[in-house]
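The same chain A turns up in both complexes below, where it pairs with chain B and then with chain C.
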Partner chain A sequence: MSAASADTNPGARSGPALDLRVLGPILALAVLVLTGAMLNDNFLSYANITNVLSRSAFIGIIAVGMTFVITSGGLDLSVGSMAAFIAGLMILVMNGLLPTLGPGVALVLVGMAAALATGLVAGFVNGFLITTMRIEAFIVTLGTMGIYRSLVTWLADGGTLSLDFGMRTVIRPIYYDGILGISWPIIVFALVAVAGEVIMRRAAFGRHAAAVGSNDQVARYSSVNVDRVRMLTYVFLGILVGVATIMYVPRLGSASSSTGVLWELEAIAAVIIGGTMLKGGFGRVWGTVIGVLILSLIDNILNLTDGVSPYLNGAIQGVIIILAVILQRERKADA
Partner chain B sequence: MKHFAIAGLMAATALPAMAQETMVIGVSIPAATHGWAGGMNFHAQEAVDRLEEVYPQLDFVLATASDPAKQVNDIEDMLATRDIDALVVLPFESEPLTGPVAAVADSGAWVTVVDRGLAQEGIEDLYVAGDNSGFGRVSGEYMRSALPDGGKIVALRGIPTTIDNERVAGFEEAIEGSGIEVLDMEHGNWNRDDSFTVMQDFLSKHGEIDAVWASDDDMAIGVLAAIEAAGRDDVQFVLGGAGMKEMIRRTADGDAMIPANVTYPPAMIGTAIELTAVGLTSSAPVSGTFTIGSVLVTQDNAEDYYFPDSPF
Partner chain C sequence: MTELRLDSVTRSFGAVQVLFDVGLTLAPGQVHALIGENGAGKSTTMKILSGYLAPTSGDVLLDGVPVTFPSSQAAEDAGVVLIHQEFNLAEQLTVEQNVFLGHELKRGFLLDKRAMRDRTAALLDRLNCRVDPRAVVRDISNPDKQMVEIAKALNRDARVLIMDEPTAVLTEREAEVLFEQVDRLRSDGVAILFTSHKLDEVKRLADVVTVMRDGHVVAQCPASDLSEDDMATAMVGRDVSSLYPERTGAVGDEVVLSVRDLRVPRFVHGMDLDLRRGEILGLAGLIGSGRTEAMEGLVGLRASTGTVTLNGAVVRWSGPRDALDAGVAYLTEDRKGRGLLLAKGMRENLTLASLGDFTRGLIDEAAEERALDRAIADFDIRAPHRGVVVGNLSGGNQQKLLLAKVMLADPDIVVIDEPTRGIDIGTKQQIYEFVHALAARGKSVIVISSEMQEVMGLADRVVVMRGGRVAGEVAGAAITEDAIVRLAMGLENTVRHREPAA
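And now, the complex of A and B:
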């Protein structure tokens, strides 16, 4: 049981995930599911579960990338605006090429490539400014957050960018269809989460990210290329924002300045609820997934029940987020 | 009022001789952060461009602000550096803007307030207002006529504000005693994604929904996508509002799901700028309150409300 020895130095390092505090987020999720099932018969219906999981996918895919950024001691506030900007660009690219390529799979692939490429470049810009220019991640991404938000407003001329109608029927299945009754966003979210979990636990990159976030000086002396690890976390996050956008655009076929507002905070909240440390050094991808589910279940349950004034939705969310984190801290103290 | 009468008189008498004496109208509006505001920005720019042609003696300063503090700065700058003769302002928020706009009024400039009133009465010379309870009432009356035998509806609300409260109160008053039952109301925040999510949950929760009062066209788009994805055919129609061009187009084309719309025109900023220009350059009295009614748009009159060039 190396957990005990790890906990003698709380906060700096963590042992294998077998210690008791893993129960915190799982317990919170279980309580929410039970509450939902008791309050409404339709809560556990196939349609509702599909709805909740599909709509979690955007934040979820981003939050997996955010887990790595936070684990390595960074932060990215720009992801919501970045998603809006990528969505706008993806729509413009597809609308622009529609006359030459025609509505079809080829054009969808071009749109996807554009989204991934933009995400990669945007992540690289964040990473470059943070690692090479040595600017605080908070400031860099606060800056790029404003830049992307303004750019999408400008691209849309203050209104809404809408995908050409002929294209919508072609691209719609990406959000609404799937295989074996499981819709694509859920499948992609699951794949991203599993890959993220494996990389965090088994790959050198995951250990390096935690080492950099724990103490970058020590990591540097242990011949970890600190800047490269940091840079890669931002690039991965950028690409994942691109992936999330690919899932998002088919849903309503539009992007505007109100797209992706506060996604960054939801993603960060999900990461922290899941047990990753905000100051870095320890990350838990599966915890992030649970955090994302907790956040979207709260919304879902509040919509499915009467009796709570909609004015109070935000307050209830806040209480549950704080409770989920307190639950972990107490378990940790017990251990 | 007095200021205006004098200014108007001076303008009227002095105009032919001193055409080079230019007057400056400052226009301060919130930036295009959502669809309606985008439309409002478009119409403000259009009105300014057009009026600069019509009145060579008028100069316009147009500033857009992304938050109340920035708008206060804009207005202070206009007063200090451009020496404005009139201010047309759509306040971001009532409270923080009241002081700065009062200072402009004290300087002797004409003040036109648009849509959102100031926290203190009597500052402005002209108030061009949208009619929010009228918006709700017209929506409710349409609902009543479209569901003569009553029915079950769900409603989506905007961002929790006075505007939203007035609209909902007007709506509820209009449907009272009609047999229309509002099953549920939640905030969709005038946002497509939020309304999509809320509507998905409404569809899970209620097995039978006859109609939806989306109360806004952005929210109507989210609602329609959710209904389509769920494959539900019990919902007969969705009533949006504010007159987004894509939705007006669908109404004009006879789309059964979008049979009507209720206007809350972003072009009201144009009305305000135009009236202010008229006030400054002629002796026609324009002080007082000008309420822009919310109009029901159906297939018959939809073409009159379709502005293909506007972003909204």
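And now, the complex of A and C:
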């Protein structure tokens, strides 16, 4: 049976030839950059590129974590709400400790620690419900999405949580400064992406995540601790949401019920555009980075040019996502 | 009465020719067995017969008239039905819904449920199958599913029935039920073709045997003219009379693994087992007797209680990782569902269970490649190319890769569940040699098998399970099919009585 089914797939991949599934996202990105450069002289300016990359960083950092979750066969819809909740909590902690610690580096560090710890706990809660309690990831994170969103609204009493003005100038540099003219969000995004790519490709954890997403029974019978791998993907994602929030809070200095809305879908979209399979089993972090850039560039180009209304941003992104999935389907067929 | 014939059929995939001048005739009221090693061209032949593939040249003749089936649907409409090895049933639907799937009877706009139920019941009656038409397919047994497939085919008025390894998932007893139905269909004038790796079945069932090798028909004659040995020789192209290698290396006295009162909820109700160094222990019993569950419980794949002593020390394993680290590996019977990642390459599959040995912070891919080189050489894995997706390997090569994967962790005790299910005879022989080589190197092996011959040919000692308990054990010259079957069926008293005489 199996021998013949190999026969019936004569054109099937006979080696690591470069195919559209690898080149697709890169080509799309290249086309977007060229289009942008042709349409607007400012597109390739330092200011615009820094702006696009810095804004991509929030989604990008989250999307790297999401790549691992999706690769291992999971999903996390709660990250946008989680970011809002972490932002709110971080602001409350810093405001609350301002009288004791004063506006300085120490307070910023405490705020960061709070953000990371909250992200870790939130990710752990998702992971615990999914692995130990054996509830569908979709259901669990749909639930926690509502919970975090509602909690931040409650913390803000329906309005906006604002960072004390005394703190804003202290914390501002996290978003606006950098080294060698590269802003911190871009640097952090790059570091997270490189680390993610290395872990996905070359570390046992990445291999295990792909194995679990490919067939969790095979992974289990191969002595892989499936629950631990799954749990860790959610915990890592939670921590990365914390990191993204640390970058985000200095930018506006506030959090409200509308913070981070739809981030989860943008992150998932970026992962899918990058060539990671939604059903799990295969993921690539560099693809996710390209996916994030594609989504941000579409937004940026529409804002810089008059030809197409920026209101059509969502429509164009939607088309790109669907195209990406159509490209993925070929992979399924010969798997 | 319908006759289906292939006349000098060839088939190529791209530049590769896989069928050469194949001719065979499926006559009404005749059972035709198609045998050959994996990759001999059986599947392609069946697909051409049933309209899934078109021949590159040559003719498919239905009652003497050349036909081209544009699709399997068209073939079914002409009364030619292929039953796949993996059942093609909608698991969530009931038996009757499956039987009429796509051909529902209607009264006006609405489904005529009563008529469909009656027809289904009549069909199942005809097959002597007692499954309830209203039962959900997910809940019924494998042989019943097989019967539902046949009922479905008969409901389409199948005159030519093609079955791809119908007994691969059945126990010997379940297979016997199937054979009775095949006999019945034969006397109804249905033309039947089936494939099987079990030559005793071929002997028992077939009127005509066609043997294929490397895309050629190498023998075609009445089944009565061929002995099982003749068939095997024709398939492999060499003499395989000694399927089971000569046992070398002696069983040690030292008990390496001792299991007391092993219990797996619902499946195993107190099992004792001792395994010696260098021993090949057969674990026999009917499917459902708890063999697999007991071993999965032992290595921590299932929740279990009991006392396990390894090399004299009591151990507790909370999961397969612990067992493997302690040197006990379990090789699953379900190589596609639990053994291998079919969408991944050989390298990733090979090292999955022992990735830690290849990781110093990062995975050492060069070391993995070297391990793959060794595995390919040691286990004679034949892949079309190195980057092949494992799902595209033949069953035999998948099994060898799975064996290589488990052995890569260098266990001292290996439990091999159904080592040769769905594998051609040449590869079987190789796998038996591996098992013997392991034992000769002082490893201990537990072989779970539903194939009586295999247990008898391989094992130094056979423990027979029945209903979640050890029904008894036989060793050495006392290992006979009769003794094992009696224990497995619960006639153990007779055996005990006879044992001293043996």
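In this text, the second predicted complex is superposed on the first by the 300 of 335 C-alpha atoms of A that agree within 3 Å, B and C clash if a C-alpha of one lies under 4 Å from a C-alpha of the other, contacts with A are read in each partner's own complex, and residues count from 1 in each chain.
As a convention for this text, a contact is a pair of C-beta atoms (placed from the backbone, for glycine too) under 8 Å apart; a residue touches a chain by one contact, two chains touch by 3 or more.
Model, not experiment: these values are computed from the prediction.
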Discussion item. Contact-wise, after the overlay, does A:A203 reach chain B, chain C, both or neither (first, second, both, neither)?
Written reply: second
Practice prompt. Have a look at where A:R168 lands relative to chain B and chain C in the superposition and call it first, second, both or neither.
Written response: neither
Discussion item. So in the superposed three-chain picture, is A:S45 touching just chain B, just chain C, both, or none of them (first/second/both/neither)?
Written reply: first
Worksheet item: Given the touch rule stated above, what does A:T259 touch, chain B (first), chain C (second), both, or neither?
Response: first
Discussion item. One more residue to check, A:D157. First (chain B), second (chain C), both or neither?
Written reply: first
Worksheet item: Taking the superposition as given, does A:V218 touch the first partner, chain B, the second, chain C, both, or neither?
Response: second
Item to complete: Classify the contacts of A:D299 with the two partner chains as first (chain B alone), second (chain C alone), both, or neither.
Response: first
Worksheet item: Taking the complex as given, what residues does chain C use to touch chain A?
Response: 13-14, 16, 18, 38-39, 41-44, 47, 53, 85, 164-165, 301, 319-321, 323-324, 330, 332, 334, 337-344, 348, 352-353, 355-356, 359, 361-363, 365, 384-385, 387-389, 391-395, 398, 405, 409, 422
Discussion item. For a test of understanding, state which residues of chain A touch chain C in their complex under the given definition.
Written reply: 1-16, 198, 202-204, 207-208, 210-211, 214-215, 217-225, 281-282, 334-335
Discussion item. Applying the document's contact rule, which stretches of chain B touch chain A when the two form their complex?
Written reply: 31-35, 37-39, 41-42, 157, 160, 184-187, 191-193, 196-198, 200-205, 218, 221-222, 225, 229-230, 246, 310-312
Discussion item. Taking the touch rule as given, give the residues of chain A at its contact with chain B in the complex, in rising order.
Written reply: 40, 42-43, 45, 47-48, 51, 55, 153, 156-160, 162, 176, 251-252, 254, 256-259, 261, 299-300, 303-304, 306, 310-311, 313
